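Read from first to last, the chains carry the letters A, B, C and D; within each, the first residue is number 1.
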Amino acid sequence: RELRDALEPSRVKLLRQFTSLSDGVKFLVDLRADLHDLANGDPILRDLEGDLRELLSSWFDVGFLELRRITWDAPAALLEKLAGYEAVHEMRGWQDLKARLGGFGPGNRRCFAFLHPLMPGEPLIFVEVALVREMAAAIGPLLDRATPAVKPEDAEAAIFYSISNCQRGLAGISFGNALIKRVVAELNAELPNLRIFATLSPIPGFMRWLDGHTAEGEAPLRAMLSRRGWNRDPAVVEALREPLMRLCAHYLLEERRNGDRVLDPVAHFHLSNGARVERLNWLGDISAKGLRESAGLMVNYLYKLDQIDANHEAYAAEGRVIASSSIRGLLR
Amino acid sequence: RELRDALEPSRVKLLRQFTSLSDGVKFLVDLRADLHDLANGDPILRDLEGDLRELLSSWFDVGFLELRRITWDAPAALLEKLAGYEAVHEMRGWQDLKARLGGFGPGNRRCFAFLHPLMPGEPLIFVEVALVREMAAAIGPLLDRATPAVKPEDAEAAIFYSISNCQRGLAGISFGNALIKRVVAELNAELPNLRIFATLSPIPGFMRWLDGHTAEGEAPLRAMLSRRGWNRDPAVVEALREPLMRLCAHYLLEERRNGDRVLDPVAHFHLSNGARVERLNWLGDISAKGLRESAGLMVNYLYKLDQIDANHEAYAAEGRVIASSSIRGLLR
Amino acid sequence: RELRDALEPSRVKLLRQFTSLSDGVKFLVDLRADLHDLANGDPILRDLEGDLRELLSSWFDVGFLELRRITWDAPAALLEKLAGYEAVHEMRGWQDLKARLGGFGPGNRRCFAFLHPLMPGEPLIFVEVALVREMAAAIGPLLDRATPAVKPEDAEAAIFYSISNCQRGLAGISFGNALIKRVVAELNAELPNLRIFATLSPIPGFMRWLDGHTAEGEAPLRAMLSRRGWNRDPAVVEALREPLMRLCAHYLLEERRNGDRVLDPVAHFHLSNGARVERLNWLGDISAKGLRESAGLMVNYLYKLDQIDANHEAYAAEGRVIASSSIRGLLR
Amino acid sequence: RELRDALEPSRVKLLRQFTSLSDGVKFLVDLRADLHDLANGDPILRDLEGDLRELLSSWFDVGFLELRRITWDAPAALLEKLAGYEAVHEMRGWQDLKARLGGFGPGNRRCFAFLHPLMPGEPLIFVEVALVREMAAAIGPLLDRATPAVKPEDAEAAIFYSISNCQRGLAGISFGNALIKRVVAELNAELPNLRIFATLSPIPGFMRWLDGHTAEGEAPLRAMLSRRGWNRDPAVVEALREPLMRLCAHYLLEERRNGDRVLDPVAHFHLSNGARVERLNWLGDISAKGLRESAGLMVNYLYKLDQIDANHEAYAAEGRVIASSSIRGLLR
């Protein structure tokens, strides 16, 4: 211990001074984000970044986080930040934001965020949830305010369709796991009618991987994919469907980096949290971004309350990916 | 008293039932607004409206109102309502709203509203204030976010440039008076550097009055006013300036209805509150609406703390309008 | 209506002025209490009291009341008032208060109060509840902190053992009815294990009535009752038991004033609220006050959710008192 | 850094688990207090205590503390804790507590506490302040509710007469310094009429020191002090006055331990905070405890806003004690 004490660098003492400023903690969080960008080889900056990381990870202990349901009654300043942080499916103005918080129709949307008492008014991470009849297969209808809505008490599935980290300066200090568990618990208590808790997630690295992946006989497939508007040509859509689904299943379940960890970052996040890979959805996201990044494919990760811990254990300890039999079937 | 008791109509008993519903008071306020539109001669509806008025005026006693400063940290639901109720200078989206609440530059805007504990989340009336160097002469620069801003502690004048009643169903139950007095007191305490408390107000009835007013020799004036874009022709502007200022001073100070009350509703409001007519501003509002309703003229009503009571008394008791010598000079 | 308007006395206008003072509403409530004591024949004061009553009854509409659970986390200033207003079973210091709010052992006490947004920090009426295994028969063990406590989730009965009106100035403006209904609903939602909702109530007028009531053959009974400590003499207790129970049942159910209304004020309150007279408890309250006022007897009024409306109707419309067969049996 | 990381003991990881329990942080704070008592030579427990200290000192950074004025409107649960933690002048029941919070007469008492967002409802340290006409010389009148009170706006002196640390488990993680500075600033802003900010403090170690201190010719003095009720014998009081004042001045200013640090712990606290030793008060505390610990003497430490930093520097860097000339005069 005395060794540790002696090693407490005076940098840390300096950094602590900022806590007494208003917004001092936010300042330090943003400072770490900047240092991360700048450090790049400079050992002094890298060390400073490391000290900050240690300090922040002591303050931002997951036990201190407050789960808050975000509604249209939240402060406009907080909602403005939320809209700015949305990383998955961009918000189109305040009416879109209002709808995503549950403000339209029978109130079948939910938004939950983690906040921290030392950085009030700043969301750390938030998730948007749609309450629907069954596991959602496409993002378009979920984001379209014109889609007929079910009443919350008639919904059977809670779809987590967007999860956004807000503070780059807290990278590596994880709370995503805790967020999903607590939101599932909260929804379960409010709406006992819900049977399915699942995401509708992008597969952000699929096309990048496919580009770098060369396999015999895939040239025609690539040629078709490179045509603009291929998704509106029924013949092409039909020809691409099976091979792409197979390749994608392979990408999600088999491709690894650093040994056991799956290559796709979103898959890694949900597998670490104890989800299983449940279903691939062909033409699930036909936005420009969806086509470009994942050939329009989306995936459901399923959270079954009684299997979360076992799934997490299998993946964390042995790198074993739990997947539904339909997904497994695509691998053969 | 027993007579009064016997007269308590069973309608009132019915109306009271609504209080236990959530939003019941808001329902009754809106009901009165609807009745006012519909009644039109029907004695039963008119009586119901009267009963409602009595009930509401008992509940909405000015002593119960809470003055709240509205900032960008207010609930989005409240701000959305506020933007919808703005009656004087329309808001253009959320960024405009944010600016009007004080959110840009050095924070030299303020917004205050009255709320009532029985109708939470619903503004009753609100006022928008700009902190500037001197009594403002034109609305354009006040609404333009590009105008260079002074720091609040350097401002000398607080300009009330928009006052909006939010609840048609509370018509005739007045709190505007109390609002301005309390906002002046609040600003005075926060910023002792403020010397001038004045409005920059529209003159909504001027052109309508002018149209009905026929006087010898005014035909050329009318002709000039009817040309589109007259305000961009320097010669016309010069020719119109003096006669219109004279006519407007006459309209504001001399034209009455029901005996003592001045004809212009905004003038009546501020004179009743104890303000004095301070200055006419030529080309103060060159928006389409400003030109159409008041030939581009605006007026400052000045609130001098030590004269408010005397001014109010003079107007309320004798119909005497207090005005600056420059305005009086226009009458000769 | 115009007649009514003309009759609005200038006194009322005067009274309304008080609303803008801090604590102005509390001042008016207390003023009415004072007027009630002083008026006594003076027609002017009586009229003023009447005006106040009308004004207060408009403001204190039951729809505006907020039901609040009062715990040890409530402001000390509020709790001090509560302890002062307790009218049924006096509190002995702050530790006793803490226990009654639920602060000891497994938390099997509850306290609920009505508050009003125009008079914050002032309880209007409150009820104290004990969660126990079965319908309580004696007050002593309920007030004794040493009594072994059941866990809330094992309790089967919620006993309302003290209901206190706090504002004499709101006499005749009733909310007791609404309070009990809402507390029953609240407890029902929190603890589905509760099957019985009943009071354990004093019978404050029994002995007074008995003193004025002369019937043949009652002299020995009176003689026994007048002996100090009769309740500790088993022979006397046995001799008195049956005749007193019979007389008390008669007093509660049959003695009326103003036609239909039962004589006992607490019985009238609960019968009006839709309760039924369930059980007489011999030696239910052996405190000095209990012996003096009701010969130690207490009574349970039972609230059955599905019979409240019918019971209320029977009593309010026809003066019919609903009682259990065991009580009815005592009348023969 | 990697060295530090490798040294992060798994104990710390374990300790962090407690944060997600409700009251988890309070649990850890109390655990450290217990370890401190138990450790006593056991190296494993001592190390655990050290780890806890590090963790807690990271969480309880002074920048995170919230200064709160504690009034009679605070939760009873918080006030009960406060009364329990009062270490200097014991509270005698809730009415005494209410008086100390400012609740009687013209409101010339204040109480301020530091709270921390991770341990809500738990005061860390609090100070009680009396607003009076001049620097107080005796504690009796300050604690006596019968003493005539000045109005806050007529007071010239703010006397800090009791400062209590509440959490033994946060020993060595200091916020007393920050507390006094912030309270002085707060009072200064509220009441510009205040000219003097000073404590009225006990001298807890004086008599213990005197007992161990043997000097020629002090035997008669000791003999007088050992008589019960000496403070009520005018002759003895007169004879003791001068020698004891001299000895006490010597004790406070000259006696040191660990080199520069003064021996008296309260003196050390205020000197570290930048106060100066201003005045000794003969018979300032004639309670049994006051006579026993400090022969009835009390001392004022004076906080002069423009000298706090220099005083602090002189003491911290060189061990130089700043004192008034009257105190210095006693040393000769």
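Simple rule for what comes next: contacts are C-beta pairs under 8 Å (C-beta built on N, C-alpha and C of every residue); 3 or more make two chains touch, one makes a residue touch a chain.
These figures come from a predicted structure and were not determined experimentally.
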Far-end chain from chain C, centres as C-alpha averages: A
Centre distance in Å when chain A and chain B are each reduced to the mean of their C-alpha atoms: 49
Where chain A and chain D are represented by their mean Cα positions, the distance between them in whole Å: 51
Intercentroid distance (Cα basis), chain C paired with chain A, Å: 56
Multi-partner residues of chain B (each touching 2 or more other chains): none
Interchain pairs in contact, sorted by label: A-B, A-D, B-C, C-D
Contact set on chain C toward chain D in their complex: 72-77, 79-80, 94, 98, 121
Residues of chain D touching chain A in the complex: 1, 3-4, 7, 16-21, 24, 47, 50-51, 54-55, 58-59, 61-64, 117-118
